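Below is one structure, written out as structure tokens, with a few remarks after it.
All chains are identified by letter, namely A, B, C, D and E, in their written order; residue positions are counted from 1 within each chain.
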Amino acid sequence: MINGISINMYLMLSTILFIIGAVGVMARRNTIIIFMCIELMLNAVNLLMVAFSTLHNDSNGQVFVFFIMAVAAAEVAVGLAILSMIYRNIKSIDTDLLTKLKN
Amino acid sequence: MIKLAALVPLFPLIGFLINGFFGKKISKGLSGTIACISILASFVVSLLIFMELNHADNKSQIVDVFSWINSATLQIPFQFLIDPLSTWFLLIITGIGFLIHVYSTGYMQEDEGYSRFFTYLNLFVFFMILLVIGNNYMITFIGWEGVGLCSYLLIGFWYKNTAYNNAAKKAFIMNRIGDLGFLLGIILIFVTFGSVTYTDIFVKAGTVSTSTITTIAMLLFIGAMGKSAQLPLYTWLPDAMAGPTPVSALIHAATMVTAGIFMVVRSNVFYSISDVASETVAIVGVTTALFAATIGLFQNDIKKILAYSTVSQLGLMFLGLGVGAYSSAVFHVTTHAFFKALLFLGAGSVIHAMGGEQDIRKMGGLKDKIKITFITMLIGTIAISGLPPFSGFFSKDEILAHTYEHSKVLWLLGMITSMLTAFYMFRLLFLTFYGKFRGTQNQEHHLHESPASMTIPLVVLAALAVVGGALGLPEFWGMENWMSHQLEPIILRPNFSTLHHETEWMLMGLAVAGALAIIYFTYLLFMKNGFRPVDREDQLKPWQKVIYNKYYVDEIYDALFRKPIDFLSGAFHKFLDIQFIDAIVNGIGKSVTVIGNTVRLLQNGSIGFYLVGMVMGVVLIILLTFLVK
Amino acid sequence: MKGLLIISALGLLAMLAEIFKVKKIILPLTLIGIIAALIANYFEWNATMSISYFDNMIVFDRPALAFSAIILCTAFFWFIMANDYFHEDTNVADHYSLVLFALVGALMLTAFKNMTTLFLGVEILSIPLYVLAASKKGDIKSNEAGFKYLIMGSFASAVLLFGIALIYGATGSFDIQTISNYMANNEGNLPKFFHVGVIFMLIAFCFKVSAAPFHFWAPDVYEGSPTLITALMSTVVKTAAFAAIFKLFLLAFALSSPVWSSILALIIALSLIISNFTAATQSSVKRMLAYSSISHAAFMLMVVLANVRNNSSLDALIYYSLAYCGGSIIAFAVLHVMSNNGGDDSFGSFNGLSKRNPMLAFFMALAMLSLAGIPITAGFFGKYFVFTNMIGTPYKWLLILAVLTSGVGVYYYMKVIIAMYFKNAEIDSAVEIKMPIKFTIIVAGLVTLIVGIVPGIVAQLFKF
Amino acid sequence: MLAVLLILFPLFCSFILFISKGNAGRTIALAATVIEFVLGLAAFYLFKQNPDSSLLSYNCVWVESLNIHFAIEINALSLLMALLTTFLLPLIILTTFNKSENHPSSFYALILMMQMALIGVFTANDGFLFYVFWELALIPIYFICLLWGSNNRGVITFKFFVYTLIGSLFMLIGLIYLYNHTNVEGHKSWAILDLYSAGHALTATQQGAVFWLIFIAFAIKMPVFPFHTWQPDTYVVAPTQGTMLLSGIMLKMGTFGVIKWLLPVVPLGLQEWGGTAITLSVVGIIYASIIAISQKDYKRLIAYSSIAHVGLISAGILSANQQGIQGGLMQMLAHGVNVVGLFFIADILMRHTGTREIDKLGGIRSMNGNFAVLFLIIVLGAVALPLTNGFVGEFLLINGVYQYSATMAAFAGLTIILGAVYMLRSYQNIMLGDKKDSSLAFGPLHTNDKIVLVIICVAIVAFGVYPKPLNDIAEQGTRSIIALMK
Amino acid sequence: MLGYTITQWLFGILSFMAIMFALMVVFSRNPVNSVLYLVLTFFCIAGHYLIMNAQFLAVVHIAVYAGAIMVLFLFVIMLMNLNQESEPQKSPMLKLIAGVAGGLLLFVLVGALKGTEQINLTQYGHSDIGLVSNLGKVLFKEFLFPFEIVSVLLLSALVGAIMLGKKEIK
């Protein structure tokens, strides 16, 4: 129990958020939105981490969240760079146009 | 001398090697001489051995040469057995062989394959000697197959002629069928007795169950059928007449075809133990005899007639074996060797004179042109027809007497056979030598007596055919049957005739009377009424046609075996091998590509789809791990 | 540890070198640095006891050092081979530093002792590779490769994080040792979601080593990226990932193997089938190699599955990665050469190579044989070790499957050899190779051969 | 030491050949193989003197961690096979002398490498080493067929390669399985005797599994029906020398393997499955013989006949008694010599007349008598006429099979008849009669062709008449194997 | 109220909003909107952090995500002016499948993520772990190495981004 809220609640919440993010990544074809959905997934994880760390009274979890944030930032940076490059090349960021490599 | 028994096969071998390697280089005369000398030498040796053995008190002596195959308990030494049987056959083989060699020097004079011919002939004699002299079934088998090979080579001697080649191939394969039986028999013998050496196994034969013995005897007899042209494996022998006539005389009359008889006599222990086996032998024998004789009636090719008569005579011998008259059979082998060789050589001389013509319808009136041939052949014919005091009479009569003792039916059939024999033999004689010449002009004034090299053997053989009977005079004449006493040591149950002398006289009388009657009938038919065999087949009555075409046996075999196998061969190859088994193998190979091409469709390049795939994977895994329990 | 520091320092130096306009020295500098790192490794190897740094964040014990040695050697030759590729490119320094940073990540993966370092290692290894995959800016295929790699990679790391979070939740710690102690202490009443966490991590790593059904990214990315980067991915990344897998699933989570072993078996079977069968139908050698790398991953996973808790599994992994690195370095180098000589990745461009450049053809054939696992090449012993580990397990059917599929494997590897020796080239101009690449190919070839003939030396080299 | 020399010398020579240029290769190769043959004879002599002379065996650690040894020994079995190999190789080299291959030296180099691997297979006393050599033998022959074969060889040789490779991988698993069950003071071992004892220790079912795992490899190699379909095609497309190697020696790897690496390993498995295997072999005999009858291409005919022969061999060996195995050994030697002779005949026909189509040929007898005689002798050897080398083996084999089952023997014996049928038929169609095609011409043989044929014929007759020297060794070897099966 | 404490109410509301906004992120057509929704989601999550008295983290969270990353997103969107319906409604199939897959995943995870009651809590006591001082201690003591090594990560991201971003110098 964290301040009267069962850890299961947090587990469920972050799971749901995680899955929403996953669905977004799967379903959307707009690259930007896909990135955002990934961020969403990472945040779900963050939430879970924090929840557990509070549960355990252990600050490691929260520290870990910092690292996740850093990584997220890095990924976004690189991702957007690639994105812009793609846009430069094909003037679009629709994933349906990114299927040259197949079979 | 017995210690040197190895010499007997050695001389022909040497002859073979010399002719084989240098035949082309040396002159015809020389190679012929070498061949003859080698045989003569081994004849002399055999003679010495024979005499020595007669005086020796140990009637079966073993001569070791070298050890051949060892496999644990299976010990097969290269070893010779000198006993009355083998020595006697040695004498026949080398003796007759020598005569025929001499004859051949004349007969083959014009052939370009002269030295090759003698090479084969020597090789044949070598193998034939091995066959009879070996002290175990393997050595016998070596000779057995070896002579088969030589007959293959000699039948197909004129290799340019496809028909001859086919005949040769047929002979070899038919023999092989028999040989398989023989081989299995040998193996069974080994499995049963742990040895294949005669001197070891015959003593143990009593200790084994009769059924096994029967199986062994049967298997061996299959071999004999092949070699000695008994039903149903006889068809190769008439075709084998494709070979040069001396070959027919030596291989397909005097020696090789009697190998079957030799082998049965050799293994008489088994046959005496197993009645089933010997019954079979008798029945097969008499059937063959009758069957072949009937075919003989309508043949027009002089050699074919003799061939069928050979088959039927062999049948008689097996009849003798079947009824347990082993010595009589050997006796008949001997006499038959004399007169049949004589007849063949005579026929050869006729053909020689006729310039290669073999159809008796185109002969006639030759008796003045080629006197010696005529007389000698006359003697031969009388001998085979079984008129006293010629050799054939005694041997045949002995067999028939024993048969009568054994079973009246078989005896009757035997009688009929011998009468038929008399018929077709005299038919041959009359058509060939009497009446007026029916051949072409230039054949007519080309007619001439053969050279001495050919006539001398004829004369010698004729003499033998006359006096040969002396070897086995009937006991009830109060004379001792030399042959049967000679063979006593090697025969388990020598059976002396138990008939009343009256019966024996009666049988003998019947035989002679029958023969005479038939001869008279033939005389009326062909001399008085001048009956001639029709020229064209369609003039025959249906039943005659059937016989004339040898009961269509060859055609039946073709339909039963050759064609189906050829068909199967094609079918297996095309359908089973290529379109089934290989197709499966290739199919597996192809399926790779097929599966691959389907699987790679998953890789459709869309991220969304990939991720769905992954998520599905996750779902599946979680499901399997945690929820499916 | 020192090795790791040296490499990261190298990364920085490479960037500085660009600033001070002394690009020429980068390559020699890098090579020297890598050698230095190797030497440092060597000393740490012989150190009496393995030192743990920063509260057990990272420990270079012997397995770690062994794996990192392999990685460093591969990297060494890779740099030699890659230098001409860099010269035709404008921002050399960036490439160098990125690759070096990736190496840092790889080294961390061999030596992590804590989820944090694990996670960071994965990311440090991946992010530069995302960039490198996309580094052919003009080429949309390359972009696409980078993009796919990035998206799916981050998806995978999200999964990984979720797993870590769950495990953390159960055990209250990120420290590997603590976690496995925790498992040991209350075996039996481990919470269910802990196992879910383990499974999630397994999945994430299956993704990293591209095992089916998480392999989708691999073929596309391998094909799209510049050939040399593909070489890097298929060697360094795989080795590092397997080092991590070894630490996690053969040491840390060994106790929970009942939970995941059957799953792993399934994954392996799937990977074997999909990879081999698809590879057999490829027309591009590069893509074929991508698929084959999947099947090799499956083979190495078998070692994990066999889960023989002694050095034999470690030997097997090390040996297999060595063999595989050798083989694919050669293969990709040859591919690189071919594309420089007016060929493309298709099988067709290998036609008649035996006439155009016998030496190249021979070593390519050697590499193919090794990858196909024919004696007496390193690859054969790799397979052999795997079999020996597997045969004791209840998953014998997997062995049969492995045999059959590697039969298929022989098919597509042989296709290359046939093309080289049996088909006739359209263009029969001689293929010329630059010295460094030739050097790399020859050395790798010799290693493949020698290690194949006397596999003992590897065991001699790494005595655990 | 001599054993090692036997293996290393060809390897060394093949390296020399790889680097040598031009037509010197031919001579080098011939010299090398002849020397190798002399070495083989030396081994034979040594063995006669003292079967367990230290020169004949060698053993050193190869991979210590896995306890793999480079353990080779020339015992009775391997001696026979080594003799066969070393005897045939010079002949095979000699057959190439009047046709010009491209890259001759590498061709010979591959052949010699092949020889090395073969000797290795026959002498290896360490399971792993055996497998390695087994695979090594595959690669050179694959390249020989691939590079010097006739058209559309690609697919066919490829099929052969993959087929045999998969088979041998199964064998590898079987061997590893055994290895895993070995236990010598606590650690595993690859030594053959330990593998034997490990195999004996297994339960019947396990042994059955191992039996099939290992037998598959051998069955494909031999090949036994129904794993044979790669063989005729491969034999036909392969260059003559390749075919000779495949049929003359490589095929023996399978049969030899059964004797040394299967029978003593899994006695129970044999009891359970031997019958099935024998049945397959016997079916193969009849099946292949019948197919051979209607073959048009002489080379293909020989290929099928070879399937029939090897079927008999494997049936005899699998019946696992003294006669069967010994016969197998003898027949392996005989068949090696004969089939090489036959394929060489086919090659000569091809070279002189430009065709192997039986129906197109004919009447050659009248054009070249000597050739006809030599050909005939080889044919007789192939139909196992007494006093040719073929007979001893065949008799013992049928004998062995008979002791297993009379009916089987009867069926197996059909090979005597069918063999005669297809061999004589083809001989007649090719050599006898009149020539069907007037343009057909057949000049005198080249000297070295004649030499090869004569040597082969001499061997055929000599070992038919006096097989003792080899036969004794075969018996000795068989005894030891039988003893190990207990 | 209704037997729930304030925090529980807060939790409920925040969770509801978070999920709603998250869904909006996924389903809104216009990227800009989804950015905004995402920011809102982040705020909710920050709220959760506060509930769990991880105050510092909440602040950092807002700063980093809403402040930095989202702005970055907006920049990109604006630069490429993607702020219109840039997604023609093709392939609803994929969407459907994706939805199904997500549903299944949810289902199995809900099924699988059991056993939180088995967690045995080790350390109790001071509940101020979320405070800067604590985090600082931990971060610069145990987590020093990761902290340092992250610099490599960021550096490589930096380099990579620049390398890809800058135009070819031809």
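Convention: a contact is a pair of C-beta atoms (placed from the backbone, for glycine too) under 8 Å apart; a residue touches a chain by one contact, two chains touch by 3 or more.
None of these values were measured; they are calculated from a predicted model.
Novice: Using the contact definition given at the top, which chains are in touch with both chain D and chain E?
Specialist: B, C
Novice: Count of steps on the shortest touching-chain route from chain C to chain D?
Specialist: Each step joins two touching chains, and the minimum needed here is 1.
Novice: From the centre of chain E, which chain's CA centre is farthest?
Specialist: B
Novice: Taking every chain's C-alpha mean, which one sits closest to the mean of all protein C-alpha atoms?
Specialist: Taking the mean of all protein C-alpha atoms as reference, the closest chain is D.
Novice: Farthest chain from chain A, going by mean C-alpha coordinates, please.
Specialist: The most remote chain is B.
Novice: Which pair, B-C or A-E, has more C-beta contacts?
Specialist: Result of the comparison of B-C and A-E: A-E.
Novice: Taking each chain's centre as the mean position of its Cα atoms, how many Å separate chain A from chain C?
Specialist: 26
Novice: Between chain B and chain D, tell me the centre distance in angstrom, where each centre is the average of that chain's C-alpha atoms.
Specialist: 37
Novice: If you average the Cα atoms of chain A and of chain B to get two centres, how far apart are those centres in Å?
Specialist: 98
Novice: How many Å are there between the centre of chain B and the centre of chain E, using C-alpha atoms for each centre?
Specialist: 103
Novice: What positions in chain D touch 2 or more of the other chains?
Specialist: 162
Novice: Identify all positions of chain E at which a residue touches two or more other chains, and write them in rising order.
Specialist: 91, 94, 97-98, 101-102, 105, 109, 112-113, 116, 119, 121-122, 142-143, 146, 150, 153, 156-157, 160-162, 164
Novice: Multi-chain contacts only, two chains or more: what residues does chain B have there?
Specialist: 589, 600, 603, 605-608, 611-612, 615-616, 618, 622, 625-626
Novice: By the touch definition up top, name every chain pair that qualifies.
Specialist: A-B, A-C, A-E, B-C, B-D, B-E, C-D, C-E
Novice: Residues of chain E touching chain A in their complex?
Specialist: Chain E reaches chain A through residues 5, 7-8, 11, 15, 18-19, 22-23, 25-26, 31, 34-35, 38, 41-42, 45, 48-49, 51-54, 56-57, 60-61, 64-65, 68-69, 72-73, 76-77, 79-80, 82, 86-87, 90-91, 94-95, 97-99, 101-102, 105-106, 109-110, 113, 116, 119, 121-127, 129-130, 134-135, 138-139, 142-143, 146, 150, 153-154, 156-158, 160-162, 164-165.
Novice: Where on chain D does chain B make contact in their complex?
Specialist: For chain D paired with chain B, touching residues are 159, 162-163, 226, 228-230, 287, 290-295, 322-323, 326-327, 363, 365-366, 380, 385-387, 392, 395-396, 398-399, 402-403, 406, 409-410, 413-414, 416-417, 420-421, 424-425, 428, 431-434, 466-468, 471-472, 475, 478-479.
Novice: Please output the residues of chain C touching chain B within their complex, sorted ascending.
Specialist: Those residues of chain C that touch chain B are 147-148, 151-152, 155, 159, 192, 195-196, 199-200, 203, 207, 213-214, 216-217, 219-220, 259-260, 262-263, 266, 273-274, 277-282, 408, 411.
Novice: What residues of chain E sit close enough to touch chain C in their complex?
Specialist: Residue list for chain E touching chain C: 109, 112-122, 141-146, 149-150, 152-153, 155-157, 159-164, 166, 168-169.
Novice: Which of the residues in chain A end up touching chain C in this complex?
Specialist: Touch list, chain A to chain C: 7, 11, 14, 18, 21-22, 25, 31, 34, 38, 41-42, 44-45, 48-49, 51-53, 55-56, 58, 60-61, 63-64, 67-68, 71, 74-75, 78-79, 81-83, 85-86, 89-90, 98-102.
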